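Data first, discussion second: the structure below is written as structure tokens.
Lettered A, B and C in written order, each chain numbered from 1.
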């Protein structure tokens, strides 16, 4: 009995194993948390230097239309107006989402309501392939097919918001589709049966019951798509034209936040105003990414209360 | 269902040697109180059945005895085993579970060979001697009445066994660790009648070496195999006595009604 | 309009939309393969790139992509595995777990260009790793971690809880139960996740432009000393990958046969990723069958 008692009260190999395992896991998790904290800190501290160190007016930065950080404007302030890039980024994002949503919803409804298992089996690889194509390949096809096509149709260079929209629409299509499918599939089967039992036909059931129940989920899907479009860099950079001008139309060359960053970070010197101003653009990207995240959370909470 | 006065209970005094006992055991899931003041003593080398309707707390109680509820629920009170309160945080929970084995409702063999299923736990505890391992493999499978059926295919995947065989493998896996107590949570409820009777025969044999506590919703099973029976109702132990007494002449009205099939 | 007619029109529209998407995909894949595959030759795969004249190859870029992929997986897999195990097995439902999940979500939603810029700031400049394979691999790890962690967590969660209880009831430590019982069962799913993430890493460029760099200095494929700057294994040398190369020749270079090079490179990229995707499915199924097989 004494021996068993001792065994019960002593630490064993299993206790040590568990301490070891837990320590490893905490280390890994700690790494990820530290990493995200680092990213937020570094980008933020660089990004606000434009305003704290170089004393650029925040409002002027967000609303100015001229970007020429090397020069001073009439009032002796550096010319760092990010508005053209902000406008272009939002334009391509919103337009791409508007174009992609009907296609994504059509795909999602087809997969979850119309075609059954077979259709899903056929379309799932389609979505996976669209996700799998790297963004530089999208950019390359945009550059060699879409841009010349626009040039032929509308004249001009062919570069611009329209080309960016077309490329981004295909890129965010799989994101919106697969998340929409998830939210449509989450609608309980009893809703469908109830609606059909009341004499509603398939489309009435889809439109009046299923889409409405799944609306928060679909909205989340669209926002995830927009987040992807807003942050996409290379594919857009290859077709947008990279002109630092306020976009005059859909087919005039423009510049997004991401395209400006990819082309210029390597050409400026660390710590100078032109460089700091670029980090401020990166900070806007970071903010928007967090903002999209926040909206998704907000919708998630609201959507779940309703149920 | 009628309402019974749950403060009244009838608990027999056990004269035999006691292997494990619980003293005012309380279990809470978050804010909900699942087990109230369970005080029970389990005699050594006997089979005790825990019966009651679903949701009566019998499984929760059983799982508390070898600390399987540690991360799921809050368990208060004492569980005395070998002169030690094994519900204390100071106790080595792995050692507790080694000495108090458990078999679950659904057979859950590891996705390994039959041999590895039995030997994995032993090897994990540092037993490397091949002779010892082979001996344990054979005796535990024999004790669980599975040896004759699998002795020629020990390296086959355990997932290929039938439900009844898999459950006996799980019993063999538990007893290979040489526990003192075996807890079984409705071990036969997912099995056909033939497999069930094989398991029951096995348990009757096993009680010569182990103290067995079994949760069952099958009252005839309780009468067939167990020496003592405890009746649980809404988290309370209502009656605990010799199995024959409980089923022939229950003291408490709730027990009588349950056995007569008034609820459950 | 009567309901029946609306129903038919709606169904028709949906079929139309689906058809268009399928056509877009077929066009994309077809365009790349038809334009690219005829230009894929041993000559292309085995010779170095040319900046100003035609006839350059993609040997170094292809190797860099593969080397970077291997390094990235070596760094990111253990961290993702540890984090995935934590989330699937240890995490209690409390504020800390909530914080971790939010953190991982934030990381996964960061644009890859932001991750790349952070890598530039932190690795290339702060830690003085310069434009190098190592910088690139660490940046890609940042980019790869959230998805890999989540797929490992899902694979672990899909293993029945009964297996964990079986391990616990034998007095095994949680760690041993997880690593020796649950992990092997989850392996097919984990492997599928790893291969799929490899495809993403292979095609990523935005995170690499300012970390692994945009130049591919010629290296000696016979030199196995990883500390020698001329060795192909040296992780401290800058390394333009295939994906970065496609971007570069299309935007900044004056190579006369840029279109040919990018078509062929895109085709190689797509083919490798297709192989990864199919391989993930195949290996996952095969392993699963093998493990649950009744011999």
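Going forward, a contact is a pair of C-beta atoms (placed from the backbone, for glycine too) under 8 Å apart; a residue touches a chain by one contact, two chains touch by 3 or more.
What you see is a predicted model; the values in this text were computed from it and never measured.
Engineer: State the chain with the largest centre-to-centre distance from chain A, centres being mean CA positions.
Structural biologist: B
Engineer: Report the most central chain, judged by the distance from each chain's C-alpha mean to the global C-alpha mean.
Structural biologist: Given all protein C-alpha atoms shown, the central chain works out to be C.
Engineer: If you tally the C-beta contacts, which comes out ahead, B-C or A-C?
Structural biologist: Answer to which pair has more contacts is A-C.
Engineer: Whole-Å distance, chain A centre to chain B centre, using C-alpha means?
Structural biologist: Each chain's C-alpha centroid was found; their separation is 53 Å.
Engineer: On a C-alpha centroid basis, what's the spacing between chain B and chain C, in Å?
Structural biologist: 48
Engineer: Could you state the distance in Å from the CA-based centre of chain A to that of chain C?
Structural biologist: The answer is 18 Å.
Engineer: Would you give the residues of chain B that are in contact with at least 2 other chains, written as numbers and ranges?
Structural biologist: In chain B, 94-96, 99, 125 touch at least two other chains.
Engineer: Using the touch rule from the top of the page, what residues of chain C touch 2 or more other chains?
Structural biologist: Only 171-173, 176 qualify.
Engineer: Where does chain A touch two or more other chains at once, residue-wise?
Structural biologist: 13-15
Engineer: Report the residues of chain A in contact with chain B in the complex, numbered from low to high.
Structural biologist: Residues 1, 4-5, 7-15 of chain A touch chain B in their complex.
Engineer: Mind listing the chain A positions that touch chain C in their complex?
Structural biologist: 13-15, 17-18, 20-22, 24-29, 31-33, 35-36, 38-39, 42-43, 46, 102-103, 105-107, 109-110, 114, 123, 126, 128-130, 132-137, 139-141, 143-145, 170, 173, 201-204, 206-207, 224, 227, 230-234, 237-238, 258, 261-262, 265-266, 270, 279, 282, 285-286, 289-290, 292-293
Engineer: Across the complex, what residues on chain B touch chain A?
Structural biologist: Residue list for chain B touching chain A: 81-84, 86, 90-92, 94-96, 99, 125-126.
Engineer: Contact residues on chain B for chain C in the complex?
Structural biologist: 66, 68, 71, 94-99, 101-104, 106, 108-111, 120-121, 124-125, 155-157, 159-160, 170, 173-174, 177
Engineer: For the complex, which residues does chain C have touching chain A?
Structural biologist: Going by the criterion above, the answer is residues 3-4, 6-7, 10-11, 13-18, 20-22, 24-25, 28-29, 31-32, 78-83, 85-86, 90, 99-100, 103-107, 109-115, 117-118, 120-122, 125, 142, 145-146, 149, 171-176, 178-179, 199-200, 202-206, 209-210, 214, 243-244, 246-247, 250-251, 259, 262-263, 266, 269-270, 273-274, 277.
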